[in-house]
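Once you scroll down, you'll see the structures, which are given as structure tokens.
You will see subunit A twice below: alongside subunit B first, and alongside subunit C after that.
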Partner chain A sequence: MADHALRKAPLGRHHGGSAGARVTPAAPATRLSLRAGEDAIGTLSLAFGLELPRRPKTSASVSGRHALWLGPDEWLLIDENGADLMGIASGVSALHSATDVSHRNTAILVSGPDAAGAIASACPLDLGNAIFPVGAAARTVLGKIEVVLFRSGEEDYRVECWRSFSPYAFGLLVEGAEDAGL
Partner chain B sequence: MSGANRIAGQGRLTPARTARFTFDGKTFDALEGDTVASALLANGVHLVGRSFKYHRPRGILSAGPEEPNALVDVSRDAARRQPNVRAPVQEVFDGMKVESQNRWPSLAFDVGGVNNLLSPFFAAGFYYKTFMWPKAAWEKVYEPFIRRAAGLGVAPTEEDPDHYANRYAYCDVLIAGAGVAGLSAALAAAEAGARVILCDEQPEVGGALHYDTSVKIDGQNGYDWAQATAARLEAMENVTVLTRTTAFGYYNHNFVGLVERVTDHLTRPDRKLPRERLWQVRAKRVILATGSIERHMVFANNDRPGIMLASAARTYLNHFGVAVGRKVGVYTANDSAYEAAFDLKRAGVTIAAIVDNRDKPGEAVLAEARKLGIEVLTGHSVVDTKGKLRVSSMSVARNGGGSARAIPVDALLMSAGWTPSVHLFSQSRGKVAYDAASGRFLPGTYAQDCLSVGSCNGTDALQATIEESLAAGELMARATGNEGGGKVELSGENAFDWTGGMAGSGEGAGVDTTVKAFVDFQNDVCAKDIRLAVREGMHSIEHIKRFTTNGMATDQGKLSNIHGLAIASEVLNREIPKIGLTTFRAPYTPVTFGALISHSRGDLFDPARKTPMHAWEEAHGAVFEDVGNWKRAWYYPRAGETMHDAVNRECRTVRNTAGLFDASTLGKIEVVGPDAGTFMNLMYTNAWDTLKPGRCRYGIMLREDGFVYDDGVVGRLAEDRFHVTTTTGGAPRVMHHMEDYLQTEFPHLKVWLTSTTEQWAVIAVQGPKAREILEPLVEGIDISNEAFPHMSVREGKICGVPTRLFRMSFTGEAGYEVNVPADYGEAVWEAIWARAEPLGACAYGTETMHVLRAEKGYIIVGQDTDGTVTPHDASLSWAVSKKKTDFVGIRGLKRPDLVKEGRKQLVGLLTKDPKVVLEEGAQIVADPNEPKPMKMLGHVTSSYWSENCGRSIAMALVAGGQSRMGQTLYVPMPDRTIAVEVSDMVFIDKEGGRLNG
Partner chain C sequence: MLLIYCPYCEEERSELEFRHGGDAHIARPANIADITDEEFQDYFFLRDNPKGLIFERWRHIHGCGRFFNAARDTVSDKFVMSYKAGEPKPNLSGEPTATEKTVETYEAVEGIAK
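The block that comes next holds the complex of A and B.
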């Protein structure tokens, strides 16, 4: 019996940004790519303990668990407390597909009064308050890569990307944060 | 002292704040806020460059971005140097180094000036004719010579040490231009509550108010009103005011590119500041308030230093406090130039005369001239000028002939009227319309949600401009859902309304004259050149433009287009709109590459994708190769080893002992749902419904046309769940291909696709000792050969973490691919390595992987196939189901061309001399003695030295290859011809005993 292998996050202990926009790697989380038709939404919502959003660019959050709308039959579920989301999904008999993407994605947190400006250096989405309020989520691009952007607070954003793209995303956000603070 | 021509009490610069710069090595003083042009003029320097083609002495023509002459090389230090900078735009900073261009050995004595004497040989279009023969000489002699002789600045060679930034921005109303019109529009839109971005290319807002000191708005001096208004706007939360910011490109859906020059004017810029910032603005509405540009007069020798636009002289006086001369002549067809004369006269400058080619100038300006005692010669023209390095006199004659008299001047101001700046409007795909009454092109049909206001819209009068702009600002704000604020009102007054204007050549430069009357200063195009083009048969303005290069310089003909059109119109005897206006293209003014690239340089140029084991590989001496954006371990050289040595060792070690390989980059797609099997049956040629959970199969994916698109091993984890692998490079397109078919052809299937490429780190453990290495680390999976045969998959644990363990092989050895959640990849790799190393195993890279798979005849899609290869061509018929009635490509495979004899087929090649390694891509022939061109049978797709076989091996696509087994073919190379024997593609362990061991 071997020792338990140690986990190593893709971004390690990076940190950066500016006084107005701090850029830090998020802690590990469990994630699910959840796919289901309209008729399974109710059952799945019950199982996950939050109402799966049905409108574009919206999300639902309950104590560290988030469901981000990515498409009419697609959600990204994130549990910051590391709950066994695959386990929950396997108990649901309504037709759906759940795939574990906990390690595929990693997240970068951008926080502070200049956070939106930092992201806008590389993301062509309108981040204005009326268009992208707290709770808004969207699959979009950051420079040359695809990301999922989630506004978790007034001045807090979570940028989800695939792990091998994370140093690139981090670098862009740090440069953006520096310029946004000028 | 900041220049002898600075007039005390004039201008807006602060005399106490000075900067020092050099021009061609000589030191000059400037005031803070000076441009290079204003500072040089203050010091009496008019000669600043040599022209492009004739090397004629040139001076400063304008006070804005339309400048065609005064292009200089500006540097801060050795690396921060930029050629072709427009002197009237570049602000002076302390320590700046300015050099003139296109002259040798010096600006005052330039050898290239001989071109001016030889100019009869350099007529328009000369390069299309003179240098046509002999053809070969064009590349070697003519073109390099012309490029050296003509051409402006020299590109910098050092890496640019500055950084650049980018911002995406959204607004309700974007306003380009912050003169009276732009400021008024911004005020109205902002007061209504709209999100407003207002930009202007100048360091301060104000536009024409920089020079037009007669304007008052709400009783306040116009320029002061502009600054106060900008401050008021900046204080509003919904407004962004950007100065030194040029709207350079107007693209689809109100997407406008702005470039903000952040540090080019600063003496010691903070290192954190980007040199420039690109703003990519998506505006709901756009208001164009871009103003208009004064035209020069076209007459003989109108290009001498000291000859400039009247409004430019007014700017230099009223904003910079600089008199451009002491005895100034004015040549005009328009009232506006009179005001330049008035301002200069009041500042104490002698006005030699106002020469007006009209018989009846505006009465108001005429009366004012009389009052100031300025001589006005109506119905007269300037027909020539004199002066070597600066104008010294103008020759004036009555229109229609008569003797000319020379009037000494040291500067000559000119104005042929004003050209509305419709550049951005034209870029927006709006159609301009010719207004015959005013002789100008104005915005006609709009293609996007924008409006033009003020003089770019042909609105001349001040109050009309204000009211039109306020209305547009409010309208655009309301249109974007803003309901705030009340009506903004402003009242303006000015001294004179301007009449007049002309286009085309003036007296003495008309038809049948051969004088050098410049139309396009930057490209040295004269009026006679346009006429030559017409005589040569060019009747469309597009042809005339290209033949003469009129308007094709970096100034894009801001001054010359209308004159060129008018001259062509006169000789062709057709109205101007019939000849047409060329389309304006972005950028409005040149944009640096740095601004466009912004963050995309160095590490951020492109994502460098690294696997979870990258750091370990790096620490163990791996050399990496780029595969798409991935960095993959290529081989692991030990001390003293060449690549060849290392690969041979790795190949031997894997077959004799075992090897570890990082296969994490392989594409992975999870196919989940009750119809997963059905979907797989449709996407791949193989049969999947017969595959049991826990088993794997090698699958081939075709395109609709029957050609191989991708391949990979697929494991069935459950009835409704497949773990699909793709090639590394194919991962994204295979995912899209599958998703495309799922959504468009098979939307009835209950199945979903998720990319899991990066969810799993993949460690391939291959070789006779693979099982021995893994066995103690794995929990919950019996990996004995009986329980876990080749092409199996199980879920369990390794090193205490979850794994999807595959028994599969791309080497031909018994092997495993350990999939673990990516964050555990490095630790699990290290644990496996700790077992493998003592047993004599090695880590191997992609090169060894390539050799080992070729030894077994395993193809690489994209290397051994090229989009024209069917499974049958690749000897993969066994992987195409005979029973299935449908899959993507099934009909394509039946096309006559895809089943006919003699197609190129994949075979093995063995060189007769085993030591010779073929070149990949080399052509193959049957008869090396056949006269050229030989019939080529195919080409080598893969070729390696195989240490395990003790000889070279190769794969090739050869016409009718499968029926040529044992035949001798030839590979002709430049230095020799290599004989090869056609063989099958399996070079080692043909029975597969090792694989299943």
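The block that comes next holds the complex of A and C.
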């Protein structure tokens, strides 16, 4: 009997894209689906070490940890360094709901001058600089699936999708990257 | 692509992110156990299905996840306005409703609709 389980990355060593938009699987990260009322935001912000955003389509980032606004009382927390977010949440007494979704989601990184074009090939969200600047985040759709889109840099986007949908999302983005470069 | 204004996201988003939720402002009778079958039928099943202005519940299911209410023209599919759930029904009596000249969205002439 095996002593420990092997982690199998949903996208393995997938790679693709074009000269204008690279499409790569993101490294594993811990993730938290967080719901909380207005009165718990302050306490939770202190515990996680970043100010939970209160405005639509905004995010907060501190050294590899991101809090993305999804709804008026809902956030997606991502820690690229694999910090124990559930452990932090369990130490907060203010009323909130936290669910570990680290392995439910996986992320695809799209970067390069044509990155926005690659995503726009299957996503109805307006990705213009004025309306979706660096740091913007939103839950939306990509083709037939739901994704959370986060603009982490001028030409860098993080596409969070459910693990089982990731080959579909990856395929769409690779096609989009090729089309965007034409 | 039809754009719908979400009062929680405070911007117009694609219809692909939304789901329709039936008529808005349907009040559940407080004495639900006492009403007759006919009254229950009227409350539970029967809707007006108007041609023109209608108030509906919509949900930004693939966005912020919130339910809200919207006033829509059933003929032209135009969203007159949308507002947060729980807010009172707005008075839109001055709003023009469908006329004989309004282009039905399913008609072949949709492409030339102004």
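Criterion: the second predicted complex is superposed on the first by the 180 of 182 C-alpha atoms of A that agree within 3 Å, B and C clash if a C-alpha of one lies under 4 Å from a C-alpha of the other, contacts with A are read in each partner's own complex, and residues count from 1 in each chain.
As a convention for this text, a contact is a pair of C-beta atoms (placed from the backbone, for glycine too) under 8 Å apart; a residue touches a chain by one contact, two chains touch by 3 or more.
From a predicted model like this one, the values you see are computed outputs, not experimental measurements.
Contact with neither subunit B nor subunit C is seen for A:F132 once the two complexes are overlaid on the shared chain. Between subunit B and subunit C, B contacts the larger number of subunit A residues.
Residue contacts after overlaying the shared chain place A:R104 against subunit B, while subunit C stays out of touching range.
Touch criterion met: A:P56 reaches subunit C, while subunit B stays clear of it. Judged by the touch definition given at the top, the superposed model places A:W162 against subunit B, while subunit C stays out of reach. By the touch criterion defined above, A:P124 lies against subunit B and subunit C together after alignment on the C-alpha atoms of chain A. With both structures placed on the common chain, the touch criterion links A:F170 to neither subunit B nor subunit C. In the overlay built on the shared chain, the residue A:W75 is in contact with neither subunit B nor subunit C. Across the two superposed structures, the residue set of subunit A contacted by subunit B and also by subunit C is 124-125, 131. Subunit A makes touch with subunit C in their complex at residues 56-57, 70-72, 74, 124-125, 131, 138-141, 146. Within the complex formed with subunit A, the residues of subunit C that make contact are 1, 8-11, 13-14, 16-17, 62-66. Within the complex formed with subunit A, the residues of subunit B that make contact are 163, 165-170, 195, 272-274, 277, 280, 282, 599-600, 603-604, 606-612, 630, 670, 672-674, 750-752, 754-760, 776-777, 779, 798-801, 820-828, 831. Across the complex, subunit B is touched by residues 1-10, 28, 33, 35, 73, 95, 97-105, 117, 120-126, 128, 131, 143-145, 162-165, 167-168, 171-172, 175-176, 178-179, 182 of subunit A.
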